[in-house]
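The structures come next, written out as structure tokens.
Here chain A shows up in two complexes: once beside chain B, once beside chain C.
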Partner chain A sequence: MQELEVAGQGSVRVSRKDNDVVVIEKDLTTEEMLLSMGPQHPSTHGVLKLECMTDGEVVTSAEPYLGYLHRCFEKHCEMVDYPGIVPYTDRMDYLAGMNNEWAYCIAVEKLLDIEIPRRVEFIRVIVSELNRIASHLVAIGTYAIDLGAFTPFLFCFRDREHILSLLEWASGSRMLYNYIWIGGLSFDVPADFPKRLKEFVDYFRPKAVELYRLLTENEIFVKRTKGIGIMPADVAINYGWSGPMLRGSGVQWDLRRNDPYSVYPELDFKVPVPDGKFSVVGDCLSRHLVRALEMEESLNIIEQCISKMPGSEGFDARAAVPKRVRPKAGEVYGRAENPRGELGFYIQSDGKSTKPLRCKARSSCFVNLSAMKDLSKGQLIPDLVAIIGSIDIVLGEVDR
Partner chain B sequence: MSVSAIPQISLPFLMGNSLNAWSDALAGLTISWFPLGLVIIAAIPLVFIALYALTYGVYGERKISAFMQDRLGPMEVGKWGILQTLADILKLLQKEDIVPASADKFLFVVGPGILFVGSFLAFAVLPFSPAFIGASLNVGLFYAIGIVAIEVVGILAAGWGSNNKWSLYGAVRSVAQIVSYEIPASIALLCGAMMAGTLDMQQINLHQSGPYGFAHFYLFQSPIAWLPFLIYFIASLAETNRAPFDIPEAESELVAGYFTEYTGMKFAVIFLAEYGSMFMVSAILAIVFLGGWNSPLPNLGALALYDWTSGPVWGAFWIISKGFFFIFVQMWLRWTLPRLRVDQLMYLCWKVLTPFAFIAFVLTAIWEIYVP
Partner chain C sequence: MSEMQEGRTLPQSVQESAAAYGIIREAFGSAVSDFDANETMPFFEVLETERWQEIALFMRDHPKLRFNYMACLSGVDYPAEEKLGIVCNLESLGEFGHRIAVKVKCARDGGSIPTAAYVWHTANWHEREAYDMFGMQFAGHPDLRRILCPEDWEGYPLRKDYAVQESYHGIKVPY
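Take a look at the complex of A and B:
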């Protein structure tokens, strides 16, 4: 259907059938309405603003506007010494602080070329996988809210609370940890930590199944997400997508597997990719499904880490932590698999200063969000909400 | 049974009172020229709505949702937080009455009023008890279905008057939804009316009276009555904008829909109207299919449970309990299910519920004509 200006008839709405123009409605002027969604809107997950042109409920175009949470992260980094940047990285993706710290430390450690104790690596894997589960729980919970289901959100937060208290026990804070330091950790984990961890894994497995049955298999939920916002694999790669978003499009790409770091090569875990039976590959449901299945894999990783982790006898978490971080001149790109995709830090050192010359963060959310304009074309407003939710953005990381 | 021959059932269980005894007596009560009784009759549903919305509606919903979600709910104000809603009302009373500068002031102010009046007027034909009904109309059910439609005007006035794009979306969605769902809802209720042979609310209840309690309810009187029962229940969720059909006020899409701009007591009035119509549709469901104020307990030989639990006061107890039960189911669904999309909602209405309502209508008609 399209609108045409026909001489003498005003605006008419026509459709084409076998190249014949069929007039459907005469003297009809439809105006598009500019609808500003956000920055204060319940389902833009923070301060994202979408300027939508809408024709009734149909969104003809949506333009994301960013920067409401810009805190000059990269400029700050040039003013702070290397270890001082770690707490700043926490504040990027505040739902997965451990993973951010780790990605940054990987970059600096690559630049410094230092050996990390084995137990440190295992603890890092454990805390970041715990944080991955916590982050996915928030993603799934808020996604449920976006689609109008309130209860799964609170179930998710109830379970996330256990993870937060575990991480608080280890690091002393609930969200902004400053736990993973360059070359080590701020502290070793408490003595009973593996036992409590095991208890949590046993507690959470049935809860994850319950969540799956309550939300993922819900008829209405499937109806609202299946086939919505389909992103083909090639377009997703061209956009630079990563993490659950890319895997939702059917590409088996996980940095823990494809560019292994730390002790991940020793660990046995699957990289879940939708097979197209339950969902349409690349749609919102696939992305949700990947997150739901990844939690299970993270639990497996944690269990393996508990059994493989070396003991704490004679262990000093700060043994390899350099007294003064002053890397030799050069540049490095370190990356890690975050809950939201590939988080990379590009760091340039001039060899003289204890502060980086340049520190650039490659944010996964920012890159994933860049496809919003493409995905939102011709969607209904409720579907637009479903798509934003499935991208799972954290504006702290998008705007930095 | 044919429409013309409505058997007059005698009521031995009314403890000497005849039908509508209380409301008739009240209606006659005047002080010189002032019809005090009529004012009291009108005040009873109003007080009821206010009390029930305050206690069961708001506090109950918060507690029920809390239990479903592993939370405690309100706990601070009073023991178990029972005074929480009172505190909320006091807070709302103190709020500044804001009318947005760009709003259409008349529509903005009048919208919640129409909304509440539409919801409240339906209570006129609600038989609270065998002895009490606001207005014993012979077209009570028809009136109840019709008067609720006035709410649409209020919603549209509120949405348009707010001069807010989200409110407008909410209002348009709401109107489309309520008008659409009235069709399956009305046809489903018509099945009940056909079984009763009358539209008079008291008579519909009366036809479901009998010593076997629940066995006389229309839900169990015909093998297909569950179908209109289910259709009306689903449609009533949509008519009262409750989940999973709460798309007019979908907080994650439209912020708060047509009442986005409302604050203070106007907001409270909209809420009161919503809780009012929640009870109204639940009560209609109970009246048409589940015996209204009739006791569900059967007489078991010497154990005359039905006779013991029947009467004007018991009647009020039963109809309010049945209404509350369905409100509980509404809350249960709200805290369990995600929300449908607009087009899926319309699909459900026009392509599923309406055809099935017609089928139920025809089958009920056949049953009523050919099966004695």
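Take a look at the complex of A and C:
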């Protein structure tokens, strides 16, 4: 016993647990090292710098540095008129341009108080749900590649290409669409669009299941993500998390359901939340599962839209588009459910100008990323990569 | 509240916000302004800026309010009033579902607003962004640094009277 006490003063920790079990820990504390991850690190999904203090392989703190992609979105907004901002919103979250445009248009339309034609609403739902699938495919594909699984990435991009062709056919461009306009759309969808869309849904349904199984039945992938980066629900809400991140923590919250806009109240879809059987609620795997399951719900929504959408006879996509957008004086906070969470626009109008007095974009990944410092404490460096990947950031939106 | 007295029916969501405001008004009296019951973003203003933190905590923890979710915090410049300010969009997520916006203002030069970063974690980065863009201080903020602009950037870009610097580390800035 004496030997143990002597050892306890040195670099060996001795503690006595219940029922006389003595635990001896060798103290291997090494000097802390500053490790800069990024801005060019591939696993940061863009230009994000993480300054990590590491103790061996353990991260004691990680401080994110942003702004490498800052393009003064909000300053630009004060210089161009309301419709001119739409193309800028595309360039924020460039993986989900349609959703961004729509969130912005929702905010302006609230101030304008205009009636949107029903067919326009359905087309908006279709294109943004397509974009949501495309965005989730990138999120899942790159997440898999971060964790060393290469094949799902190729599958994801093959199927995403299909969606991009559809969106290109409708809008004329592959990623930066400028398709959803204030009060309408730039063009109606092509005549055969619903038919091709149906073909895509039929094609993608089994692929989504295949993709789901490819990762969730992958032992390595599950081991790398299960129980890593756990975020309890109340802390997630306090951090302002939204979208798949918040649902991954077990909160059934979806703006399409809880603050419904457009025609979503007429559509039947589930809001997937992890039940804790397969993953630990709030961990990286839960967030991945939510995204994977959401793609199937988006397919359901698209299918319903195809059958419910009014016909194109006598339809003018620009019928309700105002010639000159000059909203009444006031303020508005408009928001929509993006693939990454709640994208909101706070707009201030003075009632005289055709330019907003102030336009602030509430970026979902900016808010989700702000929890990084707390999430990374005490994690291993490879797990840090798993956590960043599960947050699914797009730096174009974080930095705006 | 004037609209309600005129007998116009307000949308349900605005009525809920008005009810929530009633509780805050009762507790803080003249520290908060009257309720602006517009339909696009109902709000009230905190008139005694130094009590903002206290009001924020009250709004988050009161059993009938529970504004547990800060959706957005935007910095705003009011050149006519010589003031800077923030607009916070708050919501009771998953509990009551009511929403309200709060405005807090401070002096344009050297003004300071108490931080809400200890009430809602969301406010931490958003306040840094507001400081970065407008230059108001957030008293008691745990880590008030620029977040989007470089540390050594001059001026506050979103102020209405902002003039961009001529060069930054030898690079010509205006394009």
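Convention: the second predicted complex is superposed on the first by the 371 of 400 C-alpha atoms of A that agree within 3 Å, B and C clash if a C-alpha of one lies under 4 Å from a C-alpha of the other, contacts with A are read in each partner's own complex, and residues count from 1 in each chain.
Definition applied: a residue touches a chain if its C-beta (ideal position, glycine included) is under 8 Å from a C-beta of that chain, and two chains touch if they have at least 3 such contacts.
Only a predicted model underlies this, so the values are computations on that prediction, with no experimental measurement involved.
In the superposed three-chain model, the partner touching more residues of chain A is C, compared with the other of chain B and chain C.
In the superposed model, A:P260 makes contact with neither chain B nor chain C. In the superposition on chain A, contact of A:V332 is made with chain C only, not with chain B.
Once chain A of one complex is fitted onto chain A of the other, the partner contacts of A:P194 are absent, as it touches neither chain B nor chain C.
By the document's definition of touching, of the two partners only chain B reaches A:I145; chain C does not. In the superposition on chain A, A:P87 makes contact with neither chain B nor chain C.
When both complexes are overlaid on chain A, the residue A:P39 reaches neither chain B nor chain C.
When both complexes are overlaid on chain A, the residue A:H70 reaches chain C alone and has no touch with chain B. The touching residues of chain C, when paired with chain A in their complex, are 38, 40-41, 43, 68-72, 74-77, 87, 89, 93-94, 97, 101, 120-122, 124-126, 133, 146-150, 157-158. On the chain A side of its complex with chain B, the touching residues are 33, 35, 41-43, 57, 144-151, 154-155, 158, 214-215, 218, 220-221, 223-224, 380-383, 385.
Chain A contributes residues 66-67, 70, 72, 74-75, 78, 110-111, 234-235, 237-240, 251-253, 258, 330-333, 335, 342, 344, 346, 348, 358, 360, 362, 366-367, 370-371, 399-400 to its touches with chain C in the complex. The touching residues of chain B, when paired with chain A in their complex, are 65, 68-71, 165, 169, 243-244, 246-247, 250-255, 335-344.
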